[in-house]
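Paired with subunit B in one complex and with subunit C in the other, subunit A is shared by the two complexes that follow.
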Partner chain A sequence: MNRYLLLICLALISVVLSGCWDSNELNDLAVSVGMGLDKKGNKVQVSTQIVNPSEVATKRGGGYSAPVTTFTATERTTLEALRKITSVSPRKVFSSHLRILVIGEALARNGVAEVMDSISRNHELRSDFYIIVPKGTTAKSVLSILNPIEKIPSNKMFSSLEVSEGTWAPAAKVELFEFMADLSDPSKENILTGIRIAGDASAGNKLSNVEQIVPSAILQYSGIAVFKGDRLVDWLNQDESKGYNYIVGNVKNSIGHIRCPDGNGVLTVDVTRTISKIKGILSNGKPKIKINLFIEENVAGVQCQIDLTKPETIREIEDLSNQKLTTMMESAIRKAQRNKADIFGFGQAIENAHPRQWQKLKNDWPDRFSDLDVDINVDTRIRRLGTTSNSAIESWE
Partner chain B sequence: MGMEKRAEQPELLGSDLQSNMDKVKAAFGNSSDIVTERISIAPGSHLEIGYIYTEGLVSSALVQNMMLESCESLRRWIDVFTEADEPNKLDLIRGILAPAGKMKDIIDFQSLYTSVMTGVTVLLIDGFSTGLAVCTQGGEDRSVEEPETQSVVRGPRVGFTENLNTNIALIRRRIKSTDLWLESMEIGKVTKTKVALMYVNSIASDKIVEEVRLRLSRIDIDGILESSYIEELIQDETFTVFPTLYNSERPDVVVSGLLEGRVAIFVDGTPFVLLAPALFVQFYQSAEDYYQRFEFATLIRLLRYICFFISLLAPSLYIAITTFHQELLPSQLLLSLAAQREGIPFPAFIEAVVMELTFEILREAGVRLPKTVGQAVSIVGALVIGQAAVEAGLVSPAMVIVVAVTAISNFVIPSFNMGISIRIIRFIMMLFAATFGLFGITVGLIAMVQHLCSLRSFGVPYMSPMAPLNMPDQKDTILRLPLWGLFSRPRFIGDKNKTREANPPTTKPNKK
Partner chain C sequence: MIEQGKIAPYQFTILVILFTVGSTILIIPSGLAFEAKHDAWISSLIGPAVGLIFVALYHLLGQRYPALTFVEIVMHTLGKWIGGAISLLYVFFFFILGALVLRNLGDFMTTQVLPNTPIQYIHILFVLVVISGVRNGLEVFTRTAEIFLPWVILFFLFLIVLLPYQFKLDNLLPVVGYGIAPVARAALPYIGSPYAELITLLVLYPYVSNNRKAGKAFAIGVLIAGFILFLIVMTTILVLGPKITAVQMFPSYILAKKISVGHFLERVEVIMAGIWFITIYFKLTICYYASTVSLAHVFKLKECRQLYLPLGFSLIVLSIISYPNTTYFFHIVTRIWSFYSLTFGVLLPLIILGLSLMRRQGAGSS
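Moving on to the complex of A and B:
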């Protein structure tokens, strides 16, 4: 019996003495959904977007205060700055629910290795957030734009990146692990999607921004940032970004146009499925890349005078689409080659195919990459014509 | 044994009617419900008969009839009677009374008292030191009704009553086999409650029957008022929240238990019959599982096990996740929970304990209060828990949902006593969750499973057939296979006679 008594006492002591260590009530947490890193001299400016839960989740009214608040602090290192935020924030900053990490362009051009180390070491962060780079503005101002419909701007950035990567293509979602892996991998360079503020940035942080039908300022994804090592070196424009995504096989669904066979007007095609294969080849010791892109499209809009009922026309459209895609992909490759940044992972393809030879190649890979032979082979298949066959335009003639 | 001790020196009846009657009266302290009547058969003759019975325990119609018959007949045969010699006189009376029913000779006072207390009428004839006990049992008794607990949608609507004989008959009616054996005994020094042990001899394991018999014989108590007394006195482990004996109000459940090799213990005065040994999974099975189609029964069983976990863990998971592991929640859910908790003055643990306590109080009050007031309580409860507490900002709406789901899940579990075990453990789990988070819950669950595995019911591992794992018995554990699949009796319990049936899987018309 004494043994049991002792056991009960021990259990009680462990309950009482430990005293709910590490517990935090939900209403004692400042839930941070967005984090921004900027360069301020030789210091780091950290901005966190904190959710005001009663404004976001309440059913009764709301709308009296902004759904989020952005706090900023500047310190020598990221974590110091993050802790310093507690001097302005009323609650403990809780970063596990981070949706988006914004790395300021200036900081990115200067090198992100230092800040990313402390971010990746932080145990509190879940690794399912995306990393983006603001184009022509700071991370702080990106985190200071209110957004309509989706009340939390960071959530908006998160979900519109997800949606637009899958259905529009000139955007790429990059998670922390991928970014860190590519950072230390000489055979592949990093990319991050760019974001810009469209409209009047200074009007974006007021509640009035979301009270209008057309917001004064809105966040928009545009282009892809090319990294070399840990530094941002260049931007891909919309077509190049699309080309990039086609090469690496990110496109699930997209829409594009090709010029009509007769040169007048355009033809809209809806991409429904793509399969991209990158193959590394060594011919006479010289590395070479072969890209095979298989793509299925639907005709989505016709502004030309063609007879879609004829199989030859379809062949013709397929050829045009092949050409268009090849051009897009080539332009992306050219830009990357100009910057000697192998963002496509061509190095990886060669390493996979010829691991032994790669050991010799990898030392001067950036230079070899810049004049690498890339053979692009696109195979387009038009599958459907939509619910009508020939365009109404043709019947007028 | 106690009964034998008392039987050592039986005080025999005297031959004088008056002194015998006085003795009986004195023994009962002149209790007014003990009726002692003297009737003189015919004027002139010395034949006097005394009737002793307890009012209320006898059927007055039977007693009246019996008295009338005996007097009439004796009067008619008085001549024969007076001429007959001593032993034949008694036989004559026996013959006369034969139509009244079962009869027994009484020679000592102790058996006279016992007979009188069980509703038997005792006839004492002046000048004879042997009395006659005539079966006249009757009196007020509840009729066989639909059981209030363990109700089913499809299945027999018969429940046990408080009368032992009725209950036993209900089983006899369902098992028409000479193998259905019954052993009766009296337990309780004062109450002398009739307890009956029933089993199917060809199925029930001899060891288990012997063990039950032994444990019953060890009981030394003044009274048995309900089968729960027996349950507590013969269970394997006292310090456990889990029931190790099964009880049922339904004859069909008891019959199915007997057919699996279990032993049924009937106690006079209660409709709840015990079944031993009892396994953990048994408490999650309902009679209806076998009356509905097997797919549905399996689905419902799965639902019950899910409800077991919800009822056990819902509040503690809420506490653990919202105070320790916020990163586990989807962001949107976190925000809406956080918004609900804005302005709540208590930590989640206190909030949960307060709400659970409130619910338990209301539930207990609902059981105790008269039915007419019960409705008022439920209105107050719904308003207090559902509306006012949330409106006042004392608890968050999410907590109310958690408590409500927990409560409803608890009612899904078919047996009430298993539901109570879960209610108790729930609070312990909440404490663990508030101190150590999910880690604490895991530790608590491990401790619970360990405890469950250490339990035994009459030597049978409580968690079987899951621990120790027994594949054939899985057919009727979480799953309920079609009836042709339930071919054997559970291991440990029905080992003596394993085969239950040999049905082909399907019966289809022959192809021509």
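Moving on to the complex of A and C:
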């Protein structure tokens, strides 16, 4: 009898105990999917893109209000500003589902160490979001553009980056931990992918933007931002970004073109596989880098007067591809060297090969990097010609 | 003897595994990565190797006095007064160890999982479970350990198996690039905790049914636990890299956060936290059990039931006041704890064994 009484008591206690301190009801939370950080004087402006649940969850109807709302607040530090958002948001901001972190260009040029530290210290933020930098605009305006197809703009930016990194060479996704690890590392500088607003930014934050077939404003990834320490110092253009991604082995799949052997028109190639190896060498105490890039391509489009049925032609195309890739990679390296920012991790390659000598080299590494000898060796293999053999253009002649 | 129960050698192995993995699994990768960087995994192999030497020492000691409890061994060799004082110091050692283990769990919960919950309530709830475990006696909580160990292994395998595609082999380079010194330096705190703490298990030694096999069971337990800890260190370095690992408070939890299979199987880290919930529970239970039983032996009490509740409350208080902030804790762990635990885990047992050998005591002389 006593036993049963005890059991009942325990059961009753558990009812009371479950009302714990950390209960968070879903309908009391504002789920933040995107966070933007901008510089406002010596303060930080935090913008959060909050999902509007009634708009996103409905199967039918909806469309009366925007699927997301962007709140902003400005304070001396990031977390203060984030907390201050409660003064405009009806619910507590919940950041565990963050998809994208946008760091405004002005802030990035001024140094991101403070904001990144508070973000990595916060237990609520996970590490599975990507970090990007808007080019020529602010983080707030990037988070204020509505997108077609994907209702939540931050999700669009997240998946757009994943898809384009997989199929289009100039994009690179960077997660919090990679960024933090490289931030403190003299042997590797950071990069972040840039994003820009194509079209009329002011029209982008209205629902009407997605009511048209061709939206007035759309978000587009473009270029790669080069960091030195925690400051943004330069941008890589599209070709340099491609070169960067080939060097570090980020390219899974891409499309590129090379000039025809006779100089008229271009030839499109589809990159299907790449393997890149960076090797650090010390010759007479002088650091040197050797890059070996192995790349497999398919011919995807031909505007040239060439005979693709001959093995020599293929060899010729392979040579042209080697040259083109080498120039792209060299241009990326030149720009990085001009900024003395080792974004490729060449220093790491030398550290891995010669850890003891690296201890001496690392102190003036930025200067050494700026006139470092880099030996690039590209090995292109053309594998297939697509579904047709010779071009129709060729047979007209 | 107060404890009437007996445990089989394989059950002893299970307790050794859970005790050694204990709270170490939660924090060890960052400590090792801080000093040894890429080579943290090598340091993690030195730990169990040295641990085996300690086990040999404890086995020698336990074998000489198969019928005596740990406190009785100490009193027997060092005399009533000095022995009694040393035994009391041992009681404090087990007790402080328990408090730190408890605080580890509390800190983890308030940092990562329940940031708004007062740490006292987490400690109270946890200690209540520990007391109920100890009240039921050695045999019962050992059988509980037997039930829970497969779950620990299962979750652990789950954690390891879901991560290999995030491995970056470059994180291991350069291998021993900076010489052996940082590797050895990193290993010292790891030897201090948990391997020198294994002395706590000597309290359970007389209750192992087959005293001869106890040493082997002890060694196997240390080896398995060492391997588990090696795997977690290796995986953390491979996935997070030495730099990120070194700055994390709870790297294993961050590791579990990294699990993401096709954006589908993710956010499972709290389930993974079940691993150290269980291991910490058993480490704490063993520490608590060792301190209460030893205290009862020192004062020759007939039974120690009346000690459980008051000591449990003291444990909660001690765990809260033992250190004021995280920085202080790191200071204790890196600078002080190893020497404290090595004094009690190696130096004193060596002295006791030496005295006993000189006087040709033991082996049934009791």
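In this text, the second predicted complex is superposed on the first by the 380 of 397 C-alpha atoms of A that agree within 3 Å, B and C clash if a C-alpha of one lies under 4 Å from a C-alpha of the other, contacts with A are read in each partner's own complex, and residues count from 1 in each chain.
FYI, a residue touches a chain if its C-beta (ideal position, glycine included) is under 8 Å from a C-beta of that chain, and two chains touch if they have at least 3 such contacts.
Note that this is a predicted model, so its numbers are computed, not measured.
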{"item": "First (subunit B), second (subunit C), both or neither touched by A:22", "value": "both"}
{"item": "Touching partner for A:214 - first (subunit B), second (subunit C), both, neither", "value": "neither"}
{"item": "Residue contacts with subunit A in the superposition, subunit B compared against subunit C", "value": "B"}
{"item": "Subunit B versus subunit C as contact partner of A:31, first or second or both or neither", "value": "first"}
{"item": "Which of subunit B and subunit C A:126 touches, first, second, both or neither", "value": "both"}
{"item": "Touched partner set for A:351, first subunit B, second subunit C, both or neither", "value": "second"}
{"item": "A:5 touches, of subunit B and subunit C: first, second, both or neither?", "value": "neither"}
{"item": "A:181 touches, of subunit B and subunit C: first, second, both or neither?", "value": "second"}
{"item": "Subunit A positions touched by subunit B in one structure and by subunit C in the second", "value": "20, 22, 126"}
{"item": "Parts of subunit B lying in touch with subunit A, wherever the complex brings them together", "value": "322-324, 326-327, 331, 334-344, 347-349, 431, 434-437"}
{"item": "Of all residues in subunit A, those that touch subunit B in their complex", "value": "14-15, 18-20, 22-27, 29, 31, 33, 51, 53-54, 56-58, 94, 96-97, 99, 124, 126, 152, 155"}
{"item": "Subunit C contact footprint on subunit A (complex, rising order)", "value": "20-22, 123, 126-128, 177, 180-181, 184-185, 348, 351-353, 355-356, 359"}
{"item": "Of subunit C, residues touching subunit A in the complex", "value": "111-118, 121, 170, 173-174, 177-178, 240-241, 243-244, 247, 254, 257-258, 260, 266-267"}
